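The two complexes that follow have chain A in common; it is paired with chain B in the first and with chain C in the second.
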Partner chain A sequence: MQAGTQARKYRLQGAGLDLALPYLMLAPGLTIVLGVLVYPLWDGLRASAKAYRYGSPVADVGLQNYLRLWSDAQFLNSLWVTVKFVALSVSFEAVLGFALALFCLHEFRGIRLLRTVLIIPMVVTPVVVAIVFRLIYASDAGMLTALSEAMGGGAVQILGNPLNAFIGLVVLDVWEWTPLMFLILLAGLQSLPHEPFEAARVDGAGAWRVFADLTFPMMRPVLAVAIVLRTIDAFGTFDQVFVLTRGGPGEATRLISIYGYDTAFKFQQTGYAAALFVTIGLVVLALAFSAIRLLRRVDAS
Partner chain B sequence: MMHSSRLTRRSVIKGGLGLALATTALTTLGLPLPARAAGKKVIIGAFADGGLTPFKEKIIPLAKEKGFDIEFLEDEYGVTLEKWFADAQSGAGQYDLYLLDDPWVPQFGAANVLEDLGAGGIDATDKDWIGSMIDMGYWPPQQGPRVKGFENAKPTLICVPFVGDLQTLTYRNDVFTGGAPKTWDEVIAKGKEGVAAGKIKYPVVFRGVTGNPIVTSWYPIFLSFGGSFFDDKWNPIFNSAQGKASADFFVGTMKQNTASGVVEFDSDQEGAAILGGDAGAIIQYSGNALKADDPAQTKVAGKLDFGVVPKQEKAIAQMGIFIAGVPKSAPNKANSIEFLKWYVSAETQAKLSEAGSIPVKRSAFGIAKPGNRLIPVALQQLDAGALPRPRTPDWAKVEELLGIELNKALQAGSGGGAALDTAAKQVKDYLTTAGYY
Partner chain C sequence: MARILTTVFVLAVVLLPIYWLVSTSLKSNREITQEGTLYPHVPTLDNYVRLFTEKQFGSYLTNSLVVTFFSVAIALAVGAMGAYAIARFRLPFAAERKVGLFLLTLRIIPPVVILIPVYLLMLSLGLLDSWLGLIATYTAFNVTFCVWMMESFFREIPVDLEEAAMVDGDSRFGAFRRITLPLAAPGLAATAIFAVLVTFNEFLFALALTATPRAMTMPRGTATLIGRIDTDWASMSAAGVIGALPIVFFALLVQRHLVRGLTMGAVK
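Showing the complex of A and B:
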């Protein structure tokens, strides 16, 4: 009996089971990736080359949707707002995250609790964060207005003023996502070798010299990865703006994600919205590759 | 011999798998699960709005008595249009009935995703309908300009009016002691006296948030100044002299006489201002007005009255009715249509009026005891004048473009006329791209 099973197994192996087995094992995972990643991407690309009317495709338009973007004042404005938002938010998050990580590198009483507390904002749901900030910023019943009135001042105008609303959005993002930077950079700092630092101390180097000559250069790859990851993520910011300002006042906080969402789902210009998102995807990819190349060049020099 | 049964891990897994398979099979085959409630199932999608409170509290229980098993799914206004449109277009079949905002009817109509309710047996010729309301249920519209592609199509009843909401004036009777102010100038002048007397903080409060909210607040002022939105060829004419005067009044005079944060005000802040006793007057739909006599919901119960919207040239309000459509993908289509027939009957409409909601049949306005003081005023407003927004599938985009420019002018406190010029150009460009001309 056992000999028969063995013989059948060998016959199957002879038929190529050994060769096929790895692919068979990969097939379920690959099917899922194709289904949820490659197909939607392909479908989006196809949609971006079509004109839609009343939610249905009516004509093939080639690259027209892509060309139209660059004469669409609303798209250009949203792109500019997004670039400003990403640049400001990610810069503040990187600086603050690095500073906090350096501070929390030291061991002292209560440090574990502090590290835990510092990462709380990033585990709160973005929509909840936006609602909380709305309750802080609202000019009629917000916390800032209540504080101002308690001190004899008037209503604080955040969400009704374009500049203030934009800054308010950046503050929200920095509050929520600095912990991510902090976490990545703290892990990076903790993994640095001790020897160079001990040698520097023996040589009498001060704190600034150690930071400038050792910590920062050694942390540069980690910092770059953190910044690239956060930049990609920040380009897709949606929930907070949707709840906090819905893009207003005027178009002051209308990020590209909000404009794309409205274009696709509210105005039912599916093809145009697909072209918009493909373009943004390419812009983000280009930015990420440029950052990585720049980093490599700096490291090489 | 006793048979002993032991609960083993294997038996639990086998049992669980069996149950999961059976549930999946039953669901796939469309068979009702054994525990499911009996009754004619109708899944209603609605956006959260106080105007539907009487329906939820009084009419749904009545419907249950009539054998309907109502599932009422509510969402925030800002996401319902896109959610339902995706549901209807993909044929997902998550709803049996949408309670749409009336400007969305053309969008659903043009996409051909709603059932023909006339063919389903709903009588649109019944003289008891409020004419302007039932007209909104047709696509393409029976009157007025039609968009390209639908010029010669036969109008089909794809929606029926559900709650006859329209804008009216809510005012403080201790500020406007001579009754409802007749003109906008009177609103401002008497409102200022109320502020000086310490009765209120602001003569008027409105919505200033970009997009739909600010356009909703500006529209009755625009109509009262005698403005028209499009000509019969879809050319934007809202930047006429009357339109510009209304926009200048709105972003200038009205802003000077309202809360400093009005640019960020939506319906919740607007409602809080009148119910909290801060505002002298607001133009609003029925949602907050229904709370005017409830001391638990207002600080000024007994001091709020309703009237026809003020005028400069005309006293015309914006209609914004809840209107019901049955998606072609509805899983319980027959039940939905049966439910609608029962709901729009004169008897049920009378019950709706008794419950305090604005009905859609004229007979229900005349019942002995309407459940809310607002109902007879709503009828006065209908008779004085109430217009729907233009019947185009692109209204959402038009409203967005106009709303952004109006909001910018409101921030500045001036330049309403120039904002309309900019918006008119943007609207014309957009509609040109969309093939309107």
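Showing the complex of A and C:
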């Protein structure tokens, strides 16, 4: 079978100009990617080994920028804030998304409306999502303050308080991305085979038993993929924080991407920022590849 | 009953923030900060008018549409060819698989990682604050996505149809163009929709690469309203509505394709 398709593929390639065809078809895309993505990646790697002054390289410093990261309290803090943010947001999104997907698995009236409305948060421009939440949290113009005042309370402080601002950011992310989790998990649930569930029903298994023994184990691969995708994505979160808090108050919501951006464009430490970004890239790649390996093992067993 | 309550609760959680944005955009700044009303008592469209007369949102919108259109169109054409080559041909040293894996790896890396060098590249090419700089950047990101997505669509289309076309005298490329591409149209649509969404909403590179209304996109232009000491909530909320409206409208219009594109990779 394998050999058969292989042979057919070769035959399909034909002769003459057709032999060059795959290369000709790949060339334009690869050219763009090499020019605009790969060259900058390499250039960033080069910049990360240099010291900059006023935006121009002044000295080669080898791995010094990389070493400096690990004694930079601000970097370590932003790393910690990012890890907290990603872990909290993604867990809430996974649990809520899964619950919502189970809830929507059986058709009922109003479900189409629900599914349509749930698309909105993840397609709205992230900058606008941040504006929406600033309008909710603001102590003067905010929805929370307006509600609190309507009920006789006072102004609500969210973005001025470190803990509240951080929670506010997590809430924003959960609002924005739970729908994606929901859609992926719903598609996963809908693709499960029916037979085991019918057998369980015949056996009179309760809802919880069905979930624990059938649904959850069968959904594990999809759930894992959804979590990995969201985690990688959440690691690069920038827009929402930039607009909502700019990393503040203090460093309470300063994610690693914001710190890197400020290091590069506000403090003009180009080489140091490049080292920081290379480090993030390596961390995310390591994360992704170990996740892929783990998933393969789960698949195999 | 529990079902209705849950549905209503979810709808409220999703829609209330949106309601507040729209409602704020219809109030005057005075009403927003001093009266704290729950709905606009004196509705006004002034905030919207101001965006276009005083704040150049017309340019931002034009820039966004031009940049999104060209970067998605180019990436789609170029990406579909690349994806086809990877899906159908077997090259020496399994080169086509390696290229596919390489593009996927590039896709995993967060874009922020190459922000600085891309900025330096555009600076040296004199492409800062220009359509071309943004189009080049977005096209590259979209190509990695299009190739990855289209490849699986092409694999689903049987080879027999192309073979038949070639027996009838079509060239290899002719068969691709006349037979495979039309069959992959739903896939192309799903890919294009997703790319449009991501490109139109992109902020980070727009922030670093543009500086004036000459090239600023909608998200970038909207962000110019933020960060002053005295926040102009009225303009900001109107800008939010204007910025999100085209893309939400577009997304609801093509909902079916969108959901397919979003969930495809994960469930397979």
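Operating definition for what follows: the second predicted complex is superposed on the first by the 269 of 301 C-alpha atoms of A that agree within 3 Å, B and C clash if a C-alpha of one lies under 4 Å from a C-alpha of the other, contacts with A are read in each partner's own complex, and residues count from 1 in each chain.
Simple rule for what comes next: a residue touches a chain if its C-beta (ideal position, glycine included) is under 8 Å from a C-beta of that chain, and two chains touch if they have at least 3 such contacts.
Everything quoted here is computed from the prediction, not taken from an experiment.
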### Residue contacts with chain A in the superposition, chain B compared against chain C
C
### Message
With both complexes overlaid on chain A, does A:39 touch chain B (first), chain C (second), both or neither?
### Response
second
#### Entry: First (chain B), second (chain C), both or neither touched by A:160
first
### Query
For A:238, is the partner it touches chain B (first), chain C (second), both, or none of the two (neither)?
second
### Message
So in the superposed three-chain picture, is A:294 touching just chain B, just chain C, both, or none of them (first/second/both/neither)?
### Response
neither
### Task
Classify the contacts of A:59 with the two partner chains as first (chain B alone), second (chain C alone), both, or neither.
neither
### Query
A:250 contacts which: chain B (first), chain C (second), both, neither?
first
### Task
State whether A:265 touches chain B only (first), chain C only (second), both chains, or neither.
both
#### Entry: Touching partner for A:76 - first (chain B), second (chain C), both, neither
neither
### Message
Between chain B and chain C, whom does A:286 touch in the aligned arrangement: first, second, both, or neither?
### Response
neither
### Message
So chain A touches chain B in one structure and chain C in the other; where do those two contact lists coincide?
### Response
138, 140-141, 242, 246, 265
### Query
Can you list the residues on chain A that touch chain B in the complex?
53-56, 68, 138-141, 154-155, 157, 159-162, 242, 246-251, 262, 265-268
### Message
Quick check on the complex: what are the chain A residues that touch chain C?
### Response
6, 8-10, 12-14, 17-18, 21-23, 25-26, 28-30, 32-33, 35-41, 43-44, 47, 100, 103, 108, 110-111, 113-114, 116-128, 131-136, 138, 140-141, 143, 145-147, 149-150, 175, 179-180, 183-184, 186-188, 191, 222, 225-226, 229, 232, 235-236, 238-239, 242-243, 246, 257, 260-261, 264-265, 270, 273-274, 277-278, 280-281, 284-285, 288
### Task
Over in the complex, which chain C residues touch chain A? Could you list them?
3-4, 6-7, 10-11, 13-18, 20-21, 24, 32-33, 36-38, 74, 78-79, 81-82, 84-86, 88-91, 96, 99, 103, 105-106, 108-121, 136-137, 139-141, 143-144, 147, 159, 162-163, 166, 171-173, 197, 200-201, 203-204, 207-208, 218-219, 222-223, 226-227, 231, 233, 236-237, 239-240, 243-244, 247-248, 251-252, 255, 258-259, 262-263, 265-267
### Query
If you look only at chain B, which of its residues touch chain A in the complex?
78, 81-82, 85-86, 89, 107, 110-112, 208-211, 259-265, 269, 272-273, 393-394, 396-397, 400, 404, 407-408, 411, 433-435
